[in-house]
Every structure is written in C-alpha cells, then in structure tokens.
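Before anything else, here's the structure in question.
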C-alpha cells in the first residue's frame, strides 16, 4: 500500500489540477528554449478545454474531427508548420497562407495553449492518462486517449 | 385567497424556529401559478396531517416510556416481566388498529396526490399562444421565443418574459450535461436530459419577478445557474417583445463605436452574438439587449457597470470554472466596451 | 454459561481451545488472523474512522455554507468534498459498519465457534480497507471524485469529467461491492448452518433476522451497481457507448441502474439498525419483544418492497405519468411494514419497565428522528410534491433524518450496548448521556432548518448561495447545529479512549440481556464458547433451565465446528475450519493492484489477474486434515449416516 | 453440583454433500449474485434496444450464427461428463472423478477456443455504438465465468491426482459441477439474446 500514494503522486498532481486562472506559458521563453514543454499538455482539464474550444470555435469546420477537409488533417504524421507546441501556438496566433486565419487577440493566450495541446493530442503527442477520452457525439475517430503516437514528418505546404 | 393566508401560517412556522423570514421570490409555498398552487395545497394538507400523526405517535411513545408503573409488576428470578397472553392479545388488537389507521391515511394521501398529479399534468385546454425553447448550458440558460417568421424570433438569455394569465409552452433541451428547469413559485422541476427533449408549461396568475435555478448538479458552477421569470401585463410584454426584435443601435457615440471595435477585435466576438454587428458567436449568451436585463452571469450579479467590468476583466473570480476567459483590457478600453454594452438596451 | 464453568477439566479444555483457535502472536499473527472477532473489531474501527473523516468533510461544507458567497472552499474542491462525503458515508461507513458488527456478533448470538468461511471474511475486510485507502489517497492528491456520489452521466462521463477522478470512484464501488458480497455470503451461511442446536428458525433473535434480510438484499442490490460502475468505467476508459445518446446509449439507463441499487441500499443500512433497536429495547424494558413474527415479516416485506420504488428518485426526469403514480403507491406502501415495527416497539416499551441507560436513550432518539424522517419521506413519495422538493435541501434534511435517525442513532446505541462485549469494559454512563443529548440537539438544529430551506427554493449540491434569497440565517443555524453534533461524536470518542482499557470491568451479562452472546465472558475467548450451548427457546438466557444441556464431542485440538440443519438446527455434521493464513491479505493486495492498474491501463485486467489467481489457489490449497485420519470404510459409513440425515430432513 | 446434561456429537460425519455442505451455500451465493448481474445485463440490453429504431443499427449485421451455435452445442454436450463427475464425486469414486473432470475440462478448452472465433464473428465493435458495447459486455461477462470455472477445475483435477484425497475434496468437485451447470445455463440465455434476439425481434 505504501507504493500506492507514491504511484499516484507521480501521476496525479499535474494531471488533475484545475486552475481556472492559469497564467499562460511565456511565449518568448517557449520560442527561445528548444526543450520547452507546454505544461498544459499534461493537464487533463486543459486538454478537455482545448477539445471544447476546438469545436466551439469551429476549428473542426476546416479540420473536421481532426480528419481534415478544407484544412489539413491534424491526426496524421504530416506537420506543415511544425509540430512543436510553440509552433502550433504560432500557427493559431499568426494564421497561415491558404485559409488559416489569425486569431491574435481574439483567442486569449491560455486558450491558444490549450488548443495547441489538444491539437498535438490528436496525433498522440500528450500523455495518454491526460488525453481526452471519447465525447458524447457520433464517433468519427478513436478518442485521443486511445490514439497511437504518430511519427513527426515536417512537410512543405501543398 | 387561501394560499396567501396559509402562507402566513407558513411564515409563522418559520418564525417558530426563529429564522429570517422566507424570501418569496424563489419559494414553492408562495404560489404564483396554478400548478404551484395545487402542489402547495397538497403540501399544506400533508404538513398538517402528518404533523398530527407525528405528535400522536410521539405522545404514545412518551406515555409508554414515562408513565408511572405499579411497583407490583411481577417478575421472574432473572428480573424479567412475565408477559400474560390476555394482555398481549389486547395489545395486538391496538397495534392492528394502528396499522389499519396508517393504511387509511396513506390511501387518502395517495388519492390526493393522484388528483393533484392529474390536474397539473392534464393537457391544457387553451391553445398555446407562446412557445419558448430553453437550452441549458454549463452554466447559463439560452432562451428563444419560437416563431414561424425567422425575423420574429427573439433570442435572449437567463431572463424569460411572459405575459400574465397566459399559458406558455416550454421546450427544454440540454447542450451538455443534465440540468433541471425550476421556477418554484410557478411549478416543480423538469430535467433537461441530453437526448431526451422535454416539455412543460407554465402559467402565472400574478405579475412579478420569480427566480428560477438549475436543480440538477451540473458541475463547477451549478450554484450560479439561475434565471428570472418576469411576469408582466400583456401590453408590457408586447412592448418588451418588440424592443427585443430590434437589432443593436446603428448610430453610436465615438466612445461606443470604439467599444464596438474592441468587442469585435477581442475574445468577446468569438462567443457572443450582437444582432446587427459582425459578432455572431454562439458559444455564450446573446448580448443584443444585454442592457435590458436585470442580472448578468446567470443571476450571479446585478446588471450594473461595476459588476460588468468585474465580470469582463476576470469572470473566474465571480464564477470559478465558467467558460468565459479573463479579457485583457486596459481601463480606457474597458470604459469604451462598457459604454457600448450599456447602449444595448 | 452456568456457574460451574470453572472446574479443573474446563480449565484444561480452555487452554487447548485457546491453543487451537487463538491468533498467532505478534504482527504476523494480526496479519494472518481469520478470527471473526479480531476481524470484526478491525472492521468496526476502520468503518468508524471513515465515519469521522466523512464527518470532518461535512463540517467543512457547513463552514463554507455558513454565509452567502463564502470563499472558504472553492467550487472545485467543494464538489470533491460533497462527493467524498456521500460516497464515504454510504460505501465506506454505513453498509460496512453494519456488516462489521454482524461479523463480530452473529457467530456469538447463534452460538458457534466461528463465522463461516473465516478466510473470506479476512479478505472482505482487507479489500474494504484498501479501497478506502485508495479513494482517500486519491482525494488528498486532488484526484477526488467530483460528480456526486450518484455520478450521473454525462457529467460523470468521459467528456465532462476529464482526468481520473471519476474512474477512482467507479473502482471504489468495485472494492466495496466485493467486500459487501463476500461478507453477505458468510453471514447467510453462518445464520443458516452454524446455529447452536435447538435454535430453530422461529427462535432466531430479531437482530439476526435483520442481518439475514440485509445479506439477501446485498445479493440483489450490489451486482447492479457493480454492473453500472463497470459500464461507466468502460465508457470512460475504452470508449464504449452505454451512456452516449449520440451512439444509441442513454443517460437514463444509468439512473435506473444506480437507483435500483441506490434505494435498496438505504434499507441495507436501515434494516440492521432496526435489528439493533429490537435487541436493545427488550433488554432495557425487561420483557421479550412484542410481536416477534410481525417484526420478522415486516423486515422481509420491507426488503421486497424496497426493490420496487427506485423510480421515485427520478420523478423530475419526465417518465410516463402512470409509472410515476405506481411508484408513488409503492413508496407509500413501504411505510406500512415500518409502521408495524414502530407500533410493536412502542407496545414493548409500554408494557415493560424501562431503565433509561444510554443505549435505550439512543433508541428513543431513534423514534423521534426516524419517524420525522419517515413522514417527510411520505411527502416526497407523492410525485407532484416531489417535483417541488426533489433535489432541494428538503431532501437533504429528509434523508439525514432517515439515515442518521434510522441508522446512526441505533448504531451509537448498539456501540454503547455491546461495548462491554467488544472490549470487556463498560463505557461511562454519564459521558454516554452527554453524547446522546449533544447529538440529539445538534442533529435537529443542523437538519430541521434544511426542510424550510428546501421549501424556499435552495437546491442541493451548491457550493455557495446568494444573500438575496434569505437563506443566510437558516444556513448559519444549520452550521451551528453541525458543530454541536460534531461535539457529541467527539465526546463518544473520548469516552471510548478513556474506557476501552481502564473502564469498569464488564461481567458476562452486564445488562441482563437474553441472547447468547451474553453467555460467554466479556470479551469472549477466541473460541467463543467452552461448550457449544443448546437453546431451549426464544430469549434464550431468560427461558433456559439451569441444567440446559451443552454439546460435547467436538474436537478441541483442531478447528472443528458443529454444522446444524437449516430449519430446526439439529446437529448434522462436523466441519473443520481453516487455520490462520496470509493469503487473503495477499489476494486482496493483488486484487487492489488489478483494480487500480486498470484505471490507468485496461490491460492491467489481464496481467493483474495472474497474481490474483495464484494467491487464490494458494489460499484454497488444502493442507490435509487431522480429522481425516480414518479408514475409507468409515468415511463411507459416515456418508451413509449423512444420507440418513438427508432422508430425515426430507420426511 | 449436578453433572451437566450433554449432547454427544462425536459420531457425526465430518463432511456432507448438497445443501448440507457449507460450500454448497457459497456456490449458490455466487450463482445468486452472478445471476442477478446477468439479469440486469440482459435488461440493459433490451433497454438500449428500445432506445433506437433498428437493432442492430444500420450497416451492422447480427453476429454470425455458425460459431455461436457450435459453441452452444459444445457446452451443452459438456453437461454429461460434468454430471458424471458430480455422480462420481458423491460416491467418492476417485478414478471416475479424475476421468470425467478431465473430459469436462477438454470440452471447456474446446469452448474457449471456439470463443475466439465467436469474437471474430460478432460483426460489431464496442467502440462503434451502444449495441456493440452491450454485445461485447455480454460476451466478456460469460467468457470471464468460463475461464474462472476452468481454473477451478484444473486445480481440483491436480488435487485429485496429488492428494491428499479427503471427503471435502469430493464435495468441492460436486460444487464445481453445479457452478459449471450455471455457466451453461447463462450461456443459453446470452446466446439467445446476442444471436437470436436481433434476428427474430
């Protein structure tokens, strides 16, 4: 039984906390430091928030179910503008050619980090025990918590 | 009117346990509509009847326990009373009688609740003049007044205006988890269960503002998921409805238009709709007539400039966990936005 | 039992039995113990600790609700706290402590040496303990469940409850439900097959009947919740769709499953408590219980009706009206058996000569509080009225009146009543009376105002409320009451620690009670009775003649136990019970590993089952029995006798 | 001091079969609780069935009959060796017990193997929809019971060879057969629900 608390401590603290006022990770720090990790990617609540925003901000309008459509698929291994958290962050904030609008100022930084975390979870790049499970809709794809981690291939825009 | 005077009885009962006098804007025993009326009558019947039963049983028990006993109760060597069969059979008869009486009372109560049940659910005779769609969200209420003509549909939030004395049909849906629609002064609860569209009808006998609240635990801010039902005269209602149909004012003061610009360039626009502007978000409440509402944040705050700014700058201090992020605005920008929002009459 | 129990031969017998039945010495001994009294005491203390923890959580909630818009506890933590309070009280306190006390008492009351399946009993305790530790560790690490003890989907489902919080809740259910089921099995077998010769079914004390009924209810209620919690965790972990309306699932299914367990659960808690009352009252009014048959029948009918009213928890969910009326009727119907019991008890008191000791006071308190709760229950049963009262503080008031009145007051009565049998010392009578009055007054202060709060519109499960509704005063009053109630419990705990070792020594039968547990020393020896007693009638110790015969011919060098016939309790055969062993503990540990592992990885169910299987095989592996050192011929002949018995019984 | 009156029970047998034995009560307790669970499970199946217009849902075939039916035949056949094992146990016939338990076990193994093909031919997946979930839940529920009883059987067979051969072992064998019969009965229920209900309801 002594092991149990230890085991849980390791797994729980980051994953479970629900800080509704999370100050966002520092962007400049994220872009300069190569070994930067987005803390929200280990937090189940942030990932679920990212998932909620992904549909509520109608991201799935172009990236349907993460499966693509007008915009590229976000579930496969191809990353046009980079797979690192801060790169995804930049893509959302800056916008990209061929239709990806910029959401600077209109989506608060914390939410962008949450979205970035969720987008990376679509191809299995976040801890399984924190990733979102299935939602209460039609099943277009297996839930993020059961998605195999995809290799990362950086490709150029089509 | 019976219900009123009974309500005085209730208030005295409250006073008995020396407490604050019951507020009646959210009370199931201060009925303002037929259903609540019938239910509260049932309540008073039960209260008086069962209080009687309670007193009776308790006095039986206390007499049984504390009555003076004859010293000459014969006992065996182990100091145990020898029961004599004659007395036991007598007691058995009494107990039997008690059971019979209980059964009779229960049957009476059963019948009365059947009757009340039928009345509050009997299909309304009069035709439905007004149908309102209510959608429960974590943690606010979306309100839409149905109409065949799209331009005649009114959309608002957390505040339901209805004409007095008219019967209104409510269509209830949930956008996420289970909520429960409850206006104590008008009627009991109806759950909003995903995948199970529900209906209920309300009718108010007297004008006034009645508070409702979500009655099914629905997450972090279940405590702050209230709404108000404003019951007004037919004319007032029509006037209100007309005003709600209008889209947001076109000509604005400079500060108001600065406010609108900010609204459209800041996170606000992602979630909120303002008719007549580019703001068309469907995530949060429709703000087209925000200034006309009594409260903000689903009844959490009175609608005034101070509370509005508090809410915009950091809603998470007011309703931790709600889905509105803190909006980064400096005090100047904030004032513009407030000026604009307050113009949305 | 009779004065002559201290002759030389008895002394030798005592030493041999002690050698055979006693626990091994030291820490190893306590880990391997399978003695129902050792396990029972642990069980009681552990469950009571969970009661204290959950009580502390309740106080925290009351502090948070003492004034409007209080910032003492945030929404997120409050939701975890009220969920933990409900879950702990129901799954880790109420049901377990009723079973725990039964584990200690039933074998004594039916006059045998041990509970049936003693190793299973140890396992039942360990698995319960580990489940409890798991959920509290999780809670402390901010992984406490936060969707309510009823865990309604979709709020408890995968989409709206991210993280592992609800998974831990679902697994806790598995732990407690396994524990409850195995203990129920032991109790039923003990009551049916291990009774002392002569204790035919119609002579079983009412308390034992209540335990029997409770155990059977466990069999039908617990599997339902096991199934429900399993499907919930499957939805969450491997994305099945039992409760997903978009893929053909249905949230209502959860509500049906949960309440089909949830309502009988209340009676699983309440029925043993009525057993306490039926045991305490006759002793303290010095007469046999009035209406034995009526009491037993009403227990059984309560159990049956108890499974027929779960829908009254769902009146607001908009089910067909006809069904609602049916469940209103069913719910009102269950008042009748309860009424019968109450009238019988009052009749007993009326025609007796009460001695106002603490246990009896608690029984009187039980009447006041429980009857009021029962009457508000009648109100809630009426579905039109329930539409207003459902999920308000009126309901909170109602079920605390029913559960604290109907279960906790009798429980405290029972703890004061049997304390001498548990420990061999008497509790302080004066402190006991203080406990009672503090609890009684505090309880009513805390919960009566909630009736009114509910009527004036305060919903349940809110972490705060607004001043505008005029709820402040009543809430403050409730908080004050809560503090007084807590003081009462505190006094009891003090009383316990003062007297558990140093209290006045208890005689065999300090209250002059009538049941068999009082026919052996306090505390009882490891083997319970020097000679297995025989029973001459109901209220055994009051009616038996001085020269009541005892059973001899049971070997004292091995753990032999006399098995009697189910109906008339005639001696049937002699079974040999297992020795102490570590395996139940290890089995419980490996099961714990499996359950917790499966929260993080479904495959844990597969690899986790290997250690479980191993430990179970080791557990059941026979070591050969001294009693079998006989020629097969005689085995054959015994078999013959046994066939004969069978025929007699058939005849 | 008068000598105490006594009842001497030393001549009583040290074990018994059927409802005289404590293990019989344990077995039936198991059966009672597992049975309850199964009933609730089947009720849930039909509850979910009423929630949707077509069953199985569109583009889903009901499970293929062949393997399921084959397995039903196998498990029904296993009842006979099982009963013979029970008889042998109750007449304390060690050889008979060994023989028939092994035969029963072989049937069990065959059943488990065919079960793999059954799973392959269910034509649905638990991740698809509620129908798939409840079907897999039913199958998993039964498979778990089969495996449990097979482990139990293996242990008893080993005991019957290595000893010590004692009365209570024979009781265990007869209880084990009762439990296997239960496993057979619940399979008949589950089979008719999983395989037949979608076709004929």
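Note that the chains are named A, B, C and D in the order they appear, and that numbering of residues resets to 1 at the start of each chain.
By our rule, contacts are C-beta pairs under 8 Å (C-beta built on N, C-alpha and C of every residue); 3 or more make two chains touch, one makes a residue touch a chain.
Not measured: the values here are computed from a predicted model.
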{"item": "Among all chain pairs, the one with the most C-beta contacts", "value": "B-C"}
{"item": "Computed distance of Cα centres, chain D from chain A, in Å", "value": "47"}
{"item": "Euclidean distance of C-alpha centroids - chain B vs chain D, Å", "value": "52"}
{"item": "Whole-Å separation of chain centres (CA-atom averages), chain B against chain C", "value": "37"}
{"item": "Chain A and chain B: spacing of chain centres that average the CA atoms, whole Å", "value": "39"}
{"item": "Of all residues in chain A, the ones touching two or more other chains", "value": "18, 20, 134, 136, 139, 142"}
{"item": "Where chain C touches two or more other chains, by residue", "value": "76, 154, 235, 238-239, 241, 244-247, 250"}
{"item": "Per-residue overlap in chain D, given as positions that touch at least 2 other chains", "value": "127-129"}
{"item": "Full enumeration of touching chain pairs", "value": "A-B, A-C, A-D, B-C, C-D"}
{"item": "Contacting residues of chain A [partner chain B, same complex]", "value": "18, 20-21, 52, 56-57, 105-108, 110-111, 136"}
{"item": "Chain C to chain A touching residues, read off their complex", "value": "76, 130, 133-134, 137-138, 141-143, 154, 157-159, 162-165, 235-239, 241, 244-247, 589, 592, 596, 600"}
{"item": "Touching residues (chain side chain A, partner chain C) in the complex", "value": "1, 4-5, 7-9, 11-13, 15-18, 20, 44-45, 47-48, 129-130, 132-139, 142-143, 145-146"}
{"item": "In the complex, chain D residues that touch chain C", "value": "1-2, 4-20, 22, 25-26, 29-30, 32-34, 36-37, 40-41, 44, 47-48, 51-52, 57, 92, 126-134, 136-137, 151, 155, 159, 164, 166-169"}
{"item": "Interfacial residue positions of chain D with respect to chain A in the complex", "value": "127-129"}
